[in-house]
Amino acid sequence: MFFHSKELQYHAKPEAADPVFAKQVQELIGGQFGEMSVAMQYLFQGWGTRGNEKYKDLLMDTGTQELGHIEMLATLVARLLEGAPVYEQEKAAKDPIVGAIMGGMNPQHAIVHGLGASPKDSNGVPWNAGYIVASGNLLADFRANVNAESQGRLQVARLYSMTDDRGVKDMFSFLIARDTMHQNQWLAAIAEMEAKEGVIVPSTVPPEWEASEFSHVYYPNADSTASQLDFLKNPAPDGHPFTVGETKPAGGVPVLKPAPPEAHNTLPGENE
Amino acid sequence: MFFHSKELQYHAKPEAADPVFAKQVQELIGGQFGEMSVAMQYLFQGWGTRGNEKYKDLLMDTGTQELGHIEMLATLVARLLEGAPVYEQEKAAKDPIVGAIMGGMNPQHAIVHGLGASPKDSNGVPWNAGYIVASGNLLADFRANVNAESQGRLQVARLYSMTDDRGVKDMFSFLIARDTMHQNQWLAAIAEMEAKEGVIVPSTVPPEWEASEFSHVYYPNADSTASQLDFLKNPAPDGHPFTVGETKPAGGVPVLKPAPPEAHNTLPGENE
Amino acid sequence: MFFHSKELQYHAKPEAADPVFAKQVQELIGGQFGEMSVAMQYLFQGWGTRGNEKYKDLLMDTGTQELGHIEMLATLVARLLEGAPVYEQEKAAKDPIVGAIMGGMNPQHAIVHGLGASPKDSNGVPWNAGYIVASGNLLADFRANVNAESQGRLQVARLYSMTDDRGVKDMFSFLIARDTMHQNQWLAAIAEMEAKEGVIVPSTVPPEWEASEFSHVYYPNADSTASQLDFLKNPAPDGHPFTVGETKPAGGVPVLKPAPPEAHNTLPGENE
Amino acid sequence: MFFHSKELQYHAKPEAADPVFAKQVQELIGGQFGEMSVAMQYLFQGWGTRGNEKYKDLLMDTGTQELGHIEMLATLVARLLEGAPVYEQEKAAKDPIVGAIMGGMNPQHAIVHGLGASPKDSNGVPWNAGYIVASGNLLADFRANVNAESQGRLQVARLYSMTDDRGVKDMFSFLIARDTMHQNQWLAAIAEMEAKEGVIVPSTVPPEWEASEFSHVYYPNADSTASQLDFLKNPAPDGHPFTVGETKPAGGVPVLKPAPPEAHNTLPGENE
Amino acid sequence: MFFHSKELQYHAKPEAADPVFAKQVQELIGGQFGEMSVAMQYLFQGWGTRGNEKYKDLLMDTGTQELGHIEMLATLVARLLEGAPVYEQEKAAKDPIVGAIMGGMNPQHAIVHGLGASPKDSNGVPWNAGYIVASGNLLADFRANVNAESQGRLQVARLYSMTDDRGVKDMFSFLIARDTMHQNQWLAAIAEMEAKEGVIVPSTVPPEWEASEFSHVYYPNADSTASQLDFLKNPAPDGHPFTVGETKPAGGVPVLKPAPPEAHNTLPGENE
Amino acid sequence: MFFHSKELQYHAKPEAADPVFAKQVQELIGGQFGEMSVAMQYLFQGWGTRGNEKYKDLLMDTGTQELGHIEMLATLVARLLEGAPVYEQEKAAKDPIVGAIMGGMNPQHAIVHGLGASPKDSNGVPWNAGYIVASGNLLADFRANVNAESQGRLQVARLYSMTDDRGVKDMFSFLIARDTMHQNQWLAAIAEMEAKEGVIVPSTVPPEWEASEFSHVYYPNADSTASQLDFLKNPAPDGHPFTVGETKPAGGVPVLKPAPPEAHNTLPGENE
């Protein structure tokens, strides 16, 4: 069960209005790796965890905090929209600065949300749950999590140089730090799990399910230089040596049977 | 530029029709971590790679092979639909086995595709490019890749026990092996990059952008056991020690300004 | 069955081209509460109405008119795109006013639609049927309808101040009036139904299905002022008194069972 | 900021496995009016509230509880999947009861989630933020909220008769009660606001923006009986009388100008 | 502007309930080529037609009728759901025929729509406007239209063999006939336009915009037999001869420049 | 199986940076008729082809080349983003030209992709597989293909006038030529198939499935001029004469039965 405090986890006070930047910050709320994604991803992973209560708590603790990050960013966006000339189309037609603002802002901030944040990305595409990962295999999912925190910190870093506003930068410095923590925690948890069960997910596949002659071979295209990569000369992370193979088909030319009449497909031999 | 050979990379020959399983196999084609996702993810990462030609080749080589995996699975699905009673609604009403087949299959296999594969997942939801990751930062993206191969191998392993068909199992043993290889290769490439630039992505953020007092603190909920996790007692992967902090707000209660009249929002003080 | 007259229901004649505003007006065509939504919502509600023929007629009459509103808005958008410099990228690079127009317009108006309206919202996101409501319970659905007309009138009012064009304003004055009518009609129909069956939907739930000790309790967070709201001091709309309760969990800590081996989930006890 | 307790708000303990029902319960998690929708809807409304702090608290309190409802339902779904023959395709081919289970369950519960809940609806369509409403106008949004709680209670009531499981019914009796409370609270808040500002949203539109001759007229189709509805004979909710008008066009036949050559549209007069 | 008659364009009376078939028929309502698609496609094409009034009328006439086809199919689906055991989960657990029905039906028909039609396809995916085409170039769009009517007639034909219900077959015979008419009309209109402007769309591209040495060359893969197709030996539809060329790259190896520091991409030369 | 060469099929070298145009070019990558669509459409059609090997090869050859077109366009977009002031928000606030660039570009090019192409359209909407067609009936699908190539060539032609960059125009002249070829090849293949099986798809519907009295009648609205179109005076493409009929309903007024109590719909007769 959840509880809420009206205080923010950290400050969200821009110095000045900036509706174009408000549109861009939406990426951190409702983008593929925005805070809606990490919050929902960690919570669904937690709710589905079976028999590993400390890890479940780790997921629930972190997911709960990410809810608070959506809140901070939604507050930031609402404030970036305060006092800006977002309804002044008429001025926009004459003043190119105002025109660029109105052209560059998210029109839904004015028309749909009345100067509030939107649960969408920086192009106005609604967040959807197809972004998130919850497989029941924690090693797999922690890899999803370290990726999410890497992409997230990368996006905040890019936005950091796109503004001069010290209030925004202050808040971003907090988000950058928390993404550092979260990368650290998922990486450490992954190392802990890999030490116990090995690096290949899922670790429970019996050897006879795997065509092991294909498990460590690199297949380059003719003009590819990738087979010269240093790491291919060392043992693979699971301990076996990598090899380089010949890239060629082994499955023959498939020919499908004609469809039954009820399918009303093209009749066979139509073009022979 | 791409070239095609009519031969499959590996066999895709089920022993018998099974339209319910055909529906389930769709997850591996058009699901979040199906072959359409990895193919497009690696290709878009490759096309956006700037100044790292061997890694670009690695991405293009691997992405090109994944295109061939879509092909193998599309062939498998088409064959699982051959000869099954998919148009026999009438029989279904009386014979519960046929009824379960018709109820459990993907109706679009019969109605829309004429017994061919669909570019959708096991519930018939179209594949979309919101699934894929291509950030321009290769360490971040290789983490996305090792996640994708982990989720993918996990899904094939689950499907492996859901069928008795030796032809299907033969093809799945190939996919399991290739996912082993791809987990290995992305893990090795990640290790290579981390050795050079450290583990926190992006490695290029200047220290003054980060509120470092929040970079290694774990904030547990009151009844959480996560702070007892072993890994929190060791140094974090970036070398700093983890600490456990008090989970409390630091940002004050935000109060937004009333909206301008043009927004036609609720007037302020409405409920005071 | 439907019939069409080539005449518009009302005028749709802007005084001048304005491609940035054309983009914004798209919200009223293909947005969540655009005319495509209300048209399809009322028609699907009508087609599913069982045993209430006058209400069915009310839905079909209103839905049919909304089709004509899509038509008026599509005509308006097409005319807002007439004669504007939408293909003049070159000029845009030098003239900031033209640059703001080209940056602020919907590129699909030029590239995809050849200066016609798009079945999408103001950010170019396609309309989808996930927006609409048709439940078979008319009281529930009329509440959806009065919401849709409230959101719709609000959006037109916001757009009204964003233009100076008297032709656009004339058409918007018609839409504002029709949304007044539609709010009135759904509110009146709701009152009629509530008078007969009470205010809680669905009215047909037997008392023994409901844990009535939770039916009128407000649960505030610790720092919330909401329990001081005036309305909580009066009887609830269904006649029972509101109470304020203690916000605390009553369901215990759930622990899920380990997954079967075929799921290849993390093994239990991994982190104990 | 948010906090989490590991205890559930209420019990979520089914008596027995039922994977087909697990699929159906997904509607309450990730459907258009599932708990993800109400949670996110109330939170985004709260975060965007300007100058009405008690209402903001009302939204935040309620939204926070809905997060706990997702949690209860995710736990319920995970338990409905425990111990069921979800990986037993082979048995399914021979035993029609098992076949019906495997055909009727959500395949992603087995393949993608390892027996955990999915952030999707009962057909496996991902939840998306296009479902939610946050306009900045609280009267409009509370109408969205009473609709959401009406649709939600209706769906739980329908599912209630679709199961015999006393544990499930117990949990549903709690959800039904909370939806009663929430319908009551939004209805009471709406009445409070309407008493102050009138019933037509937004209340701030100046009279001269509205073509008032169209504000209270009902336009029936030729064979419609709707104009005989009782409510049309009484004053409208805003106090003005309803009238019935003649359904006819008033906007003339629109003719668009030919497109410029750069549009490469069909040349005008092609078919004259 | 539109008008509605309460009578259906044609009968929609199934002989008996069939909720599994009701799910399948949804493809014709809300699928990619369902009636929502053709209705909206023709109407948006009509609303965007510039300077070709008879063709505009053709589009509006046909689109208006397709609205009536949605209506017929929505009525059919509602009736296929009447009297079926859709809420009888309990029986389903014991009776495999009932189990197959409940597993094979669309759960939203019971839970969300109260036995009404859904604006979604046969897998429950919402219809979206990304399916439709309206380019402003009528020859291009009429090609889209003849495709839509071809796919539509094909789907009805497939469904025709999947039922024994004479009422359903009667209605399908009407739809098959109308799709014959519509294929005929679009093909005839296309022939009329091609006779005037030639077969390549758009006909207005100046010769100097086209690298004509690539305009008639077929590039086969090494093991392809396609270059033996008869039609490649005759002149192309635009009058020029086809040739067969060598499939090889002509664009050199592209190397992108390193990203600027603000992008925080991988540094160049990372893997040299 | 697929192979890749690092060389592009054709040049993709813009003369200068242009991030606003980069946004617009995205339509050709991830739009409804972008190269992702045609590549995936032809490949899925090829993989589902049953018994027509030369046509299958035709589809595979063409689909494989389209993969190379995505590559060319992704390279073009990456280069259009090189060296532009995409991270210079600060300058944008003062310099309207820079402001228009930052407002008019796709923010995800900077924030999400680090100056790489995106698998989305010109408004940032992700490509999805709902765009593509693969029915198993080749005549139907070739009609989809000629439409796709018509829409595609039309869009390139429109973009051609929106830039001055000779490098971009050079690449577009190649795309225009290939779309000419592909229109020609699909039209020729269609003519070949129609000569064998007639023009109405599917050609395999028995006459008794069709209510032939509706197969050639045009139904105009009262004020429509479409019945004067020349082509209606000639025989239809399938050889039968067109006629013009009276537009009127023939299906009676449908009345649905009340819902069962478990549906909790509105009770019948509520408004009588």
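The first chain written gets the first letter, and so on, giving A, B, C, D, E and F; residue counts start at 1 in each chain.
Methods note: contacts are C-beta pairs under 8 Å (C-beta built on N, C-alpha and C of every residue); 3 or more make two chains touch, one makes a residue touch a chain.
The structure displayed is predicted, hence computed values, not measured ones.
**Student:** Listed by label, which chains are in contact with chain C and with chain F?
**Tutor:** A, B, D, E
**Student:** To lay chain D over its twin chain E by CA atoms, how big a turn is needed, in degrees to the nearest 5?
**Tutor:** Rounded to the nearest 5 degrees, it is 120.
**Student:** As a test of understanding: of all chains, whose mean C-alpha position lies farthest from that of chain E?
**Tutor:** Result for the farthest chain: A.
**Student:** Determine the centre-to-centre distance between chain A and chain F, using the mean Cα coordinates as centres, and give it in whole Å.
**Tutor:** Here the centre of chain F sits 28 Å away from the centre of chain A.
**Student:** Please compute the C-alpha centroid of chain B, do the same for chain C, then give the distance between them in whole Å.
**Tutor:** 32
**Student:** At what distance in angstrom does the C-alpha mean of chain F lie from that of chain E?
**Tutor:** The mean C-alpha positions of chain E and chain F differ by 11 Å.
**Student:** Of all the residues in chain D, which ones touch at least 2 other chains?
**Tutor:** Residue numbers touching two or more other chains: 1, 3-9, 32, 48, 50, 53-55, 57, 60-61, 64-65, 68, 75, 78, 87, 96, 99-100, 103-104, 110, 112, 114-115, 120, 123-126, 128, 130, 135-137, 139, 154, 157-158, 161-162, 192, 202, 204-205, 221, 224, 229-230, 247, 249, 251, 256-257, 259, 262-265, 271.
**Student:** What does chain E use to touch chain F in their complex?
**Tutor:** So the residues of chain E touching chain F come out as 5-12, 32, 53-55, 57-58, 60-61, 64-65, 68, 72, 75, 78-79, 82-83, 87, 110, 114-115, 125, 128, 130-131, 133, 135, 137, 139-140, 143-144, 146-147, 150-151, 153-154, 157, 160, 169-170, 172-174, 176-178, 180-181, 183-185, 187-189, 191-192, 199-202, 204-205, 209-221, 224-226, 228-232, 234, 236-238, 240, 242, 247, 249-254, 256-257, 259-260, 262-265.
**Student:** Touching residues of chain C toward chain B in the complex: what are they?
**Tutor:** 154, 157-158, 161-162, 229-230, 262-264, 271
**Student:** Applying the document's contact rule, which stretches of chain F touch chain C when the two form their complex?
**Tutor:** 18, 20-21, 23-24, 27, 31-32, 96-97, 99-101, 103-105, 121-125, 154-155, 158-159, 161-164, 221-224, 247, 249, 251, 255-259, 261, 263-272
**Student:** Could you list, by residue number, the parts of chain A that touch chain D in their complex?
**Tutor:** 1-9, 30, 36, 40, 43-44, 47-48, 50, 57, 60-61, 63-65, 67-68, 70-71, 74-75, 78, 112-120, 126-130, 132, 134-137
**Student:** Could you list, by residue number, the parts of chain C that touch chain F in their complex?
**Tutor:** Touch residues, chain C against chain F: 1, 3-7, 48-55, 87-90, 92-94, 96, 99-100, 102-104, 106-108, 110-112, 114, 120, 123-126, 135-139, 192-193, 196-197, 202, 204-205.
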